[in-house]
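So that you can tell them apart, the chains are marked A, B, C and D in the order they are listed, and the count of residues begins at 1 in each.
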């Protein structure tokens, strides 16, 4: 089963010559998708977890295997892998991008393969192999259009960060091998590790996996990379690749029998920071895809909150908390994958037809591309966590976890603030997506960018439909998925007897779904009654409140929509504003603009790297070409080493004796 | 067997020197390299051939280096044929002769069991490689050759003094002075400590100069930068490995004399210093070949570090010598192609190399990722093994610094390389170019790359057996 | 019970507007419009035809309807009087809060659909204030959850009030104040917003619905009344945490409380002026702080 | 016997100072030649029992170090039709002082080292180290390429002096190899000097500093 998946993938590497190559490639991709989904489905069905051993002399015997947890993460990998390549047929056709579409197809397949490998690997080396395969192909995908400087820069920053992550993973696994005796990723028995070593493991894991997942302090590479990549690549990057970091964290933390109490709080606090800061920065963006990228950070934060709750439950031995937190975490992994990919694909359609990513240039697209507009609306409602869509369900779990901690939970104030902060995050997300949806799809066009825009072709529409359908399905019938989730949770936490506690026993999914259906039905009925009743309906221009001839440029722009919020939080966002000075009485046309820096990258890392460059430059004076000096260096080294070696104390003693 | 391996290349070198036609002379290179590799493999499979007389014995580390250098030499000589076709205008008599003679000198280094003899061989490698650097006769290459010759001769002279000190330390306790490797190993515990320390220092500095450890590295960027890419490959892959082997023997003796604790500090320190120096000088480096030279310095630092960590990391260290040598071959040969296609090795002029040279550019990129330790390539395996050794030896700070320098090197190296490879190339139409990727110019590189990849995912059993023998021989447990 | 609940839920809300208007008129020394005037308005509007702007899409049409539906469902979740809500389950408070969010999403989106700058302005203000009021609501909920250690509005709003001691009274008072401000803000009353003004630049809710007409506008005004009613119900449970007498006294009692609340709002509206628009956030932040302090107080 | 050796070694030390002090390259070359010849005689004196190999060794040493190499150098110098002064980085006087310091260091250093008893009264070890250091001083403080080669030669001489102590350890072949290597090294560098001179029309190594960071 597993091998069918893996072997299905490299075959896409072969045909990438003609314009049929792409069709064949995505055909293969879809086959591997089906295979993979079937495989993971079987994994959900089957009770035992199949594992395969095969010898690997350089690394010791390696093992791969599939269980509920990896199967749970395999689903998005293959789903988005297939849908994305379908979308690519319309979005990035071979004949319009002859130079780089081969590269795109090739590394797409490699990346999906790498992710599948790391998900099914039970051995550090295989894991690293898949990890690096994924990371490097992601780099090549980000720099698909490497003739733009912006893309190169984004790719380079991404490469540095992923290399840092890989190095810390090296340290992690190396230490693991030395302490636990093997590279195998198997749970270790209690108190084999010293406390310090355990915490070292924890922080290395946070660094290594957090860099990939884009947790707030380590998110600096994310916005640029996701914004510049082709849209379906952005979809898989933020929908799936980030989740690999989460998977790593989840899998890694499942190896420890006992969890120090601080971990849960740390993870939750990290999650709160990521969520709040992510959505705040998102509101300030003018670039559609960059905004979506910041929202990925926010959602990663929400996922982390779930994980943290589960950790708290594990360390205080409260199975209910474990179930609530883990269900929220895992379900949100799926949900975010679905609606974020959906949003990115819709954004891709917008970019595809209007050739711009600037929100303030767009508008009124709902008339020219109604399907995309509807799909984007579904995605937006879902990502705000509003009922009756899937985002609400996962956030419900996390809220319940927080409230349980508040009610009779062990943890202190820091964690108890979770629920209000999450509420604030939700409100901010709502504001942000009202802004985006209103500015891009509603109203009337703000520039001529959207003149020539058209509804996207068939291949670009189908994936959106599938994803939107999934969002709605999870939203109105969440109880269908509780089995898979509880399986994965049981894998994550083998020690604790979860027994009867299943996700729908701790959360009233059935009633929720009934109410959601009622909501939808009510809306439909009333709208039928009101709108399709035999009332006389006439249409006119928008009421201009007495202004003569309001034109479309007088609309409220996205930036002005967000401005009040940005001002409210200017103490963290620190927006740059370039206000023009109007001096003479009849000033000529001026423009004012404002933008928000990436906080970690532009305010911390860039200055530091410049300092480091200057520091290195200072050393160049020691190598300026005169051979006499070079020989002198050798002599000096010799003397120093001799002096260190000679027993000076005896020498001096010897002299002063007489 | 030893005499065959040593004198066959010398004879071929002589033949190449007296051979008339400038056009066909390059063929001598593969004609030497193939039998050379064949003989090597024969020695490896037939252990009884590995002993010629008391001075000429091929011990496991020697086997490793000999195998590495001859493999590299084979690919380089294949590449050299096409290279010299491009450089018809230049007389390649000296080039071929010296290159072939180098193989002989290397064999002598690997076989010799007498420290002074080994010294002679090392000096010989210096002397035969010096003219190679001067291949494209211009002022810069003269300067590079001069610096190379003088600095490494001075270093080697110190090594000679160290060798003498070693002999002198063996004279204590009324023993007869000896320089025979085996004898020294046998009565290593009786050597006079003071003189042994001194000789260790001198030999470390001497052979370290040849390996290019900071701060004795100064000749390296110049000579690598000014010589053709193929010579860079030979120097970075072969010469440094020989110097490492020479130092490894000294290390072995001191280890046997129970001086490990003393050596360990020095080696770890110097290794880290070399890595730091490489990282510092890589940042803002605009010249691709000099960049590779610093990378070579870094990796010599890594192997020194590995030696300093001791037996837990020995396997990784020896493996790293192989992987570094092969990967350096790929890097230098492909950068040579790029250099010729763009007529420059400066990052400001080289742009979009992947678009212009699909094969060389891609190979260069992959090799860059490999040499900076990304899986699934050979250097990753060896670096990871060294890291494991560091943790096993409980040298946490060392391991941390090691990783940090790896990251710095990656950043310093990646920025210019990506700048050179990505983007759209300045040369408008590829038809006008004098140089384009051909099978002859890319085949050998691809071959090396395949080797690097194979070693990355799977180490063949004979090779791992050989490595384990070497580790055992050097006093670790396999 | 459920019958009563539904009847009150459907019939009572516009009456609150009537009471408020009456109070204001009385303060202003006018006789004012009849108490049932809001009902008449809504019925009249429902009978009218509609005018749609050419720039609008189906979002514009569906916005008010979504608002009405969500409000109604939210109304099913809150308990009235001392009786259980028709629908109540673990975590319905979250659904309750998020239904408000959903209605906000569609109202603002519908406003943006018209492409009029004033409606954009209004919706921008709406979402901005929501950012502050939602956490306040959740702080209040956290306090109740902590007190009752239950996760459903019904049990939450009923259980703690059986025994009333100081250390739970103080938080209760704090969050009551906070929730009152939140209620004013959410239902767009003075001092946050003035439903009667017609200076577009200063309006929030009214500005968002400028373009709606006919039945849709009727729905909107009914839905806003419903919103006020629901929030008031939640608030009343916190203000009057007593269980008096038998079940049948409770309904009239509840109605009286509700009318009293409307009267208080009317009084406030007539003695206070609308705040400057850029001072509104401070008011809401103070509400947030009230609830947060209540929460912290509970945790010490 | 010891006295003769020590006088020879003292002579060698004096020659070191000559090489540091003289301002004309030609005279340094002569100094080095004399030093080479003296070195050649040392083995015969140190190892009292004569044999053919010993004779051969000292003969080759004399021939190579005393005759061949100096001739090569003077030829190289003759090819250069420019001024033949050494151009020191630091003046003649300071380099002499440095030499004195080096010699004292050598003596002190040797006094600290545990020598084999029968070498205690001989000046061989300090002389060797002092000569080496002299070579280093020449290498690091002189600008002319040829003077640097001379410095390298003196360095080698110092090492050779030490090598005399352990002829037992050095088989004849190896001995010859070492000498041959030195010879070839200096031969090659003389060729390079000629090339340098051709393309830079000077022997000044300051010309050779265009390769740098």
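Note that a contact is a pair of C-beta atoms (placed from the backbone, for glycine too) under 8 Å apart; a residue touches a chain by one contact, two chains touch by 3 or more.
No experiment lies behind these values; they were computed from the predicted model shown.
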- Item | Remotest chain, chain B as reference, centres from CA atoms | C
- Look at the interfaces A-B and A-D and say which one is made up of more C-beta pairs in contact. A-B
- Query: Which chain has its C-alpha centre closest to the mean of all protein C-alpha atoms shown?
  - Reply: A
- Taking each chain's centre as its mean C-alpha position, how far apart are chain B and chain C in Å? 78
- Message: Measuring centre to centre with CA averages, how many angstrom lie between chain A and chain B?
- Response: 43
- Starting from the mean Cα coordinates of chain C and chain D, work out the distance between those two points in Å. 101
- Mean-CA-position distance for chain D and chain A (Å): 69
- Message: Give me the residue numbers in chain A that touch at least two other chains, ranges are fine.
- Response: 620, 623, 627, 631
- At least two other chains touched by the same residue of chain D: list those residues. 139, 148, 205, 208-211, 213
- Message: At least two partner chains per residue is the criterion; list those residues in chain C.
- Response: none
- Message: Following the definition at the start, I'd like every touching pair of chains, please.
- Response: A-B, A-C, A-D, B-D
- Message: Under the definition above, what is the set of chain A residues touching chain C in their complex?
- Response: 363-364, 366-367, 370, 373, 377, 380-381, 384-387, 392, 395-396, 399-400, 403-404, 406-408, 413, 416, 419-424, 426-428, 430-431, 433-435, 437-439, 442-444, 506-508, 511-512, 515, 518-519, 522-523, 526-527, 530-531, 533, 535-545, 550, 552, 554-556, 560-565, 568
- Residue ranges of chain D in contact with chain B within the complex: 113-114, 116, 132, 139, 145, 148, 152, 155-156, 158-159, 162-163, 165-166, 168-171, 173-174, 177-178, 180-181, 184-185, 188-189, 192, 195-196, 199-200, 205, 208-211, 213
- Note on the structure: chain B residues touching chain D in their complex are 114, 116-117, 119-120, 123-124, 126-127, 130-131, 134, 138-140, 142-147, 149-150, 153-154, 157, 160-161, 164, 167-168, 170-172, 176-179, 192, 194-195, 198, 221-222, 225-226, 281
- Item | chain B to chain A touching residues, read off their complex | 146-147, 150-151, 154-155, 158, 197-198, 201-202, 204-205, 209, 215-216, 218-219, 221, 266, 280-281, 283-284, 352, 355, 369, 372, 374-376, 381, 384, 387-388, 391-392, 399-400, 403, 406-407, 410-412, 414-415, 418-419, 422-424, 457-459, 461, 464
- Which positions of chain A touch chain B when the two form their complex? 56-59, 99, 125, 128-129, 132-133, 136, 143, 146-147, 149, 152, 155-156, 159-160, 163-164, 166-168, 170-171, 174-175, 177-178, 612-613, 615-617, 619-620, 623, 627, 630-631, 633-634, 636-638, 641-642, 645
